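Both complexes below contain chain A, partnered by chain B and then by chain C.
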Partner chain A sequence: MATSVVPPQLAQAPPPEPTRRRRVRHKGAIVGFLGPFVALFILFYLTPIAYAVWQSFHKVEREGTFGKATEVFAGFSQYTRVLENGDFWASIGRVLVFFVASIPLQLGLALLFALLLDSPLVKGKSFFRLAFFAPYAVPGVIAAIMWGFIYSPQISPFPQVADNVDLLGPGLVMFAMVNVVNWVYTGYNMLIIYSALQAIPKDVIEAATIDGAGQVRIAWSVKIPAVAPALVLTGVFSIIGTLQLFNEPRVFQSISSAVGSNYTPNLMVDATSNIPDYYFAAAMSVVLALITCTLSFTFLKLTQKRAFG
Partner chain B sequence: MAVLTTRRRRSAGALAAAAAMILVAACGGGDGDDDTDSASDACKPAADGEKVELTFTSWVPGMQKTVDLWNKNNPDIQVKYKEVVGGNDGTYQAYSNQIKAGTTGDIGMVEFDNLASFRLQDGLADIGACEPMEEAADKFVPWTISQVSFGEEGSAYGVPMDIGPMALYYRKDLFEQNGIPVPTTWDEYYEAAKKIKALGATIGDFPPDQPAWFTSLAWQNGATWFEDDGGTWKVSLNDEKTTEVAEYWQKMLDEKLLDTVPGLGDPQWNALDNGKEWSIIGAAWTTKLLENSAPKTKGKWAVAPMPQWEAGSNAAGNWGGSNAVVWKSSKHPYEAAKFATWAFSDPEALALNNANGGQYPATTEGQASLPALTEGLPYYGGQKVWEVFAQASEGVDPDFQWGPTMTQTYSDLGNGLGKAVNGQATIADALADAQQKTVDTMKAQSLDVTE
Partner chain C sequence: MTRTAAGGGAQRTRPLPVATTMLFMVICASYFLVPLWWLLVASSKDRAALNDGDGLWFSNPILLWDNIKGALSYDNSIFVRWAFNSLIYSGVGAVLGTLFAAMAGYALAKYVFPGRNATFNVILGGVLVPATALALPLFLLFSKAGQADTMWAILLPSLVSPFGVYLARIFAASAVPDELLEAARIDGASEFRTFFTVAIRLMGPALVTIFLFQFVAIWNNFFLPLVMLQDTKLYPLTLGLHTWNSQVTHSPQLQLYVIVGSLLSIVPLVIAFLALQRFWRGGLAEGGVKA
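This part shows the complex of A and B:
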């Protein structure tokens, strides 16, 4: 069997380690190159996170109708509010359903398109590669507005569909949004998988062909195992992306009465910080970040053995 | 790192929020560290010969022209104007962050319903004792003054800019051709709705995404959602008057007599322009909006007073309207008040505001004598529509008060109204839910609340 000789790691052999002396000699340059990044990273990434965590442990105190606010330490009380907030957990549940409805289809299609582009049977590869990827160049908000326009009764260019099927009603609106998300991200994920396919050494494919394997067999036994790490990567991206879903429901909020300001966790954080109840919003963000981390790492752990051997 | 890029990609707003947080962090908590000066002490004109520069933000189209006129005539008090997006579209969030960071500038724009919220954030200067405001206070429609003073004698947390008294815009041609009388009461409105339904159209829209619209309907019926009861907030979103309004519209929804598309957007404008909806209960500012958004039906429209709960009365709701507020961090409240009172009560300025931005003034004299407001409008078949709004303005209940967490109240009420038009719940459920969440949110702000 040809598969047994393919070490998937081969595709990403690390570059040779630079020697210690060289590293020391270029210390100045390293600091010079990394410095700006590290400074910005601390300033715009770590500091806001630290500030959010700090805020989530506080609350305001005041007296009277318009009493002046004083910020006081509140322990875990904001977190208690989050845990007891039915709307927040309902929004988490909604994005999990959204995930189940969109990701298998999205990644399945991405893998299929990538395999088709990689197969010698398809002509005009660069055209299709660009065509599949093009939607990703459309900003998410614009994509949502465009599809929203297509879905809306009375203004849709496809009134036969939009007037008769309530795509924006409570029953179907989630799938209407799943379609927008998949339309945008399938091509993006396809490119990641496709570049992993490119890294498979030609002689492995040749060996399999000489062994008598057809294109489907090669795809199943050689290519898919080889791109498993890329699939896991896109999977993790998708978990994070879905939990942080914001653009699409935010746009659909203005055209569908079935999408409220508490539809997804991120929408809810946004609405809460507009009240403005920064402390509660901060606690929600922290909880959401923890859930995202937990799910991503669980997914990695579950798939790591299979994908990375 | 991959995680970082994905996050960046998916939520563009995060970066802006992060930047705002840095600002806030850098400036330290601005809360509770400045002394409260009494307004009269703080509100003094600058020394003679000192040049004052003020900043002013608003989203009224063409406001720059009013500012230019002021700058030409007042070399010592120069105003720098900046146009921003509508309050709920992002400017309120920016204001909130600026209040925390202490960078609000001098004059901003806040709608009536959000005034309490910004006062709660301790962002507004009380200019009630500023000389220019004291002198101008009598010029404004009385209920607008009680809105900006929160019922406290001599206080003013803003200068009323414009108001939105409501009326019924209707397709005169369609009502006449079909022999349907223009409704003057809500009962007649219901009867008319049934007849129009039979003709394959609807009398109007129930926009689930416009909780402020529904609020105005409750306001018309004398609802009191919020009361300041000696330091304690009394919240009653589902009081008797509101329940009456809710039941009425629930009946209309149950019998499918209304359209339920989102309001003030293409779906509604198209329906109005195509004769699918025959009327809209709108505010004074809807005049220009309808004209621009439904151009095909020019000349076929007319405006009548809002339908009444009791025949013969003159009660109107108010939808929208704004104030020029002087921020607490302003170093020149006197000059800021001087500019704001001029810009929104001087006849010349009001004429500019109306011509460029379609503003309906909040001053009694402005409403009565502004040339632009006494002419007939071609879009409305030559009708002098402003007379209807002047009359409506007198019928607005002056006692209605707004809550201090109105953004939240609106968003929860809007979520509930969405479920109501989808048949998943009722308007009464929406009110009960918004009531509960408003009380919870206010308690989280450490306010004393009773129901």
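This part shows the complex of A and C:
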């Protein structure tokens, strides 16, 4: 087959060449519509990425201690520093633990809420939908500040808990932050899944009901498979979001001694850039972005077989 | 026949599961709402009452209005300036960002040209790039241009929404029929006119969704302003309140202002979500289903 000159399907189909060479219609419109976005995308997305990658392969050399600084090519030396940096990998480990502590519970609850709101068991659906979604209107930084007050023994509205349990100590502070993140995002994920549930054709549900399937059975065998793509979407966003965790630990730094400046990879990037050691920070950002992309792609590949058959 | 009527009529709903489910829902709803309630109650107290007394109920007198006035006037009304900045960053960023994303998504959905899929894939790849990875190189590039400590440094990067392009493309493909565009062409309308008078209306729900989520993303933005801005007068609300919060040990009266300020910072988003929910819920469905 490899030697055949003309693949059979091409021989039968009308020759594709003329269509391919035909001049593009509405060239001006295409340029006009795409132009603004593409220009901004190149300037404020691709250029900074390219610049960070360029920096990660460079370092600063000085003539003497206070001499003139020059940027010189450094090969992979910044990356070697990242790979050998125990603090960096400890911070990666911390966000992975954070992910395990936060996301299964968050997405599990989001799915459960969405299914309950979609079932006939719940009255007052629009109230609950809004109540669960309301925290999404609170910016992450503000949510962290607010929960910080609720955790602190002085002004907590739950003094019995805050006085007796050290919520901001080394043992519990991660779960204190997991709670902040889950409080903000569970309702948001619920809404995405709920919207997908609403799009299931009504006759499919009716057919399952007529076949005698109960609510639980319908949820398990019809609804969950139907919303799998939405679950995958929320999963990917959760991976990206957790790995770049910054706002909550940054706020908690000022109220808990258990959160150091190397707590998450992004806190470490920020601290490194304040030294300033931009080249090392750039290499860390690139490694973090690569880890993020690898994990989200792996997750997509693993779930796509299940979710999209 | 509506969905609920069909579901409710087709099977019996026994009272016990309904009661258990409702109890569970009420407990969960209180988990989500009590912190917000506390924020409102705490905003209405003076410092003494904040530290002792029932945290979840108002104490006499209710000082909400005085506290708001105090927070708004503190330090030459810097809070008002922050609120104004946040509105500018989020409002301008979301309006223009949505427009550019809509135009790009429309072009990718409705025109055939070489490199179309490659362009789309590169933009989609942008969704996977952590926003925080961009902040530092952006700061260095803006510094080189001498523009780091300006409003432009926050505004311009906020105009790019790769996820918006993705949503706009999906929506343009399904909501704008090709026949309509051909008809408009036969009538002699230019491509731009067709887009701005016909297509943009059909894409309405998607555009509201993109606008809202872009607005929220910019409103919540913290890392970029933290890296970029020195001048406190240019801060958005998030960074300003964080700064106040980290000064509480030195100036204790700030604690109350942080609480009141947090409450105030939530109000615009709540209004935006409530006012526009009819639109964005439809748009969200489209994105979640087709993703």
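Following the convention adopted for this analysis, the second predicted complex is superposed on the first by the 282 of 309 C-alpha atoms of A that agree within 3 Å, B and C clash if a C-alpha of one lies under 4 Å from a C-alpha of the other, contacts with A are read in each partner's own complex, and residues count from 1 in each chain.
Here, contacts are C-beta pairs under 8 Å (C-beta built on N, C-alpha and C of every residue); 3 or more make two chains touch, one makes a residue touch a chain.
Just so you know, these numbers come straight off a predicted model, no measurement behind them.
With the two structures laid over each other on chain A, which partner does A:G260 touch: chain B (first), chain C (second), both, or neither?
In the superposed model, A:G260 contacts chain B only, not chain C.
Of the two partners chain B and chain C, which one touches more residues belonging to chain A?
Counting residues of chain A touched by each partner, the higher count goes to C.
Should A:M146 be classified as contacting the first partner (chain B), the second (chain C), both, or neither?
After superposing on A, A:M146 lies in contact with chain C but is clear of chain B.
Could you look at A:E63 and tell me whether it touches chain B, chain C, both or neither (first, second, both, neither)?
first
After superposition on the shared chain, which partner residues are touched by A:L105: those of chain B (first), chain C (second), both, or neither?
After superposition on chain A, A:L105 lies in contact with neither partner.
So, A:L96: does it touch chain B (first), chain C (second), both, or neither?
neither
Is A:F280 touching the first partner chain B, the second partner chain C, both, or neither of them?
First partner only, chain B.
Which partner chains sit in contact with A:I224 here, chain B, chain C, both or neither? Use first/second/both/neither.
It touches nothing on chain B or chain C.
For A:A207, using the defined touch cut-off, is the partner it touches chain B, chain C, both, or neither? Pick first, second, both or neither.
neither
In the overlaid three-chain picture, which partner chain does A:A271 touch, first (chain B) or second (chain C), both, or neither?
First partner only, chain B.
Of all the chain A residues, which ones make contact with chain B and with chain C?
Dual-contact residues (chain A): 43-45, 47-48, 51-52, 140, 154-155, 233, 236, 240, 244, 246-247, 254, 266, 270, 273, 296.
Write out the stretch or stretches of chain A touching chain B in their complex.
43-45, 47-48, 51-52, 59-71, 81, 140, 152-155, 169-170, 233, 236-237, 240-241, 244-247, 253-255, 257-262, 266, 270-277, 280, 296
Can you list the residues on chain A that touch chain C in the complex?
Interface residues on the chain A side: 24-30, 32-34, 36-38, 40-41, 43-45, 47-49, 51-52, 55, 109, 113, 116, 119-123, 127-128, 130-142, 145-150, 154-159, 183, 186-187, 191-193, 195-196, 198-199, 202, 205-206, 209-210, 214-215, 227, 229-230, 232-233, 236, 240, 243-244, 246-247, 250-251, 254, 266, 269-270, 273, 278, 281-282, 285-286, 288-289, 292-293, 296.
Taking the complex as given, what residues does chain C use to touch chain A?
Going through chain C, the ones touching chain A are 3-4, 6-8, 10-11, 13, 17-18, 21-22, 24-25, 28-29, 31-36, 38-39, 41-42, 50-51, 54-56, 100-101, 103-104, 106-108, 111-114, 119, 123, 126, 128-134, 136-138, 140-141, 156-157, 159-160, 162, 165, 190-192, 195, 216, 219-220, 222-223, 226-227, 237-239, 241-242, 245-246, 255, 258-259, 262, 265-266, 269-270, 273-274, 281, 284-285, 287-291.
List the residues on chain B that touch chain A in their complex, please.
By the definition above, chain B touches chain A via 2-4, 6-7, 9-13, 15, 17-19, 21-22, 24-25, 29, 31-32, 92-93, 96, 116-117, 119-122, 150, 208-209, 228, 231-233, 260-262, 265-267, 270-271, 276, 404-405, 407-408, 411-412, 414-415, 417-419, 421-422, 424, 441, 444-448.
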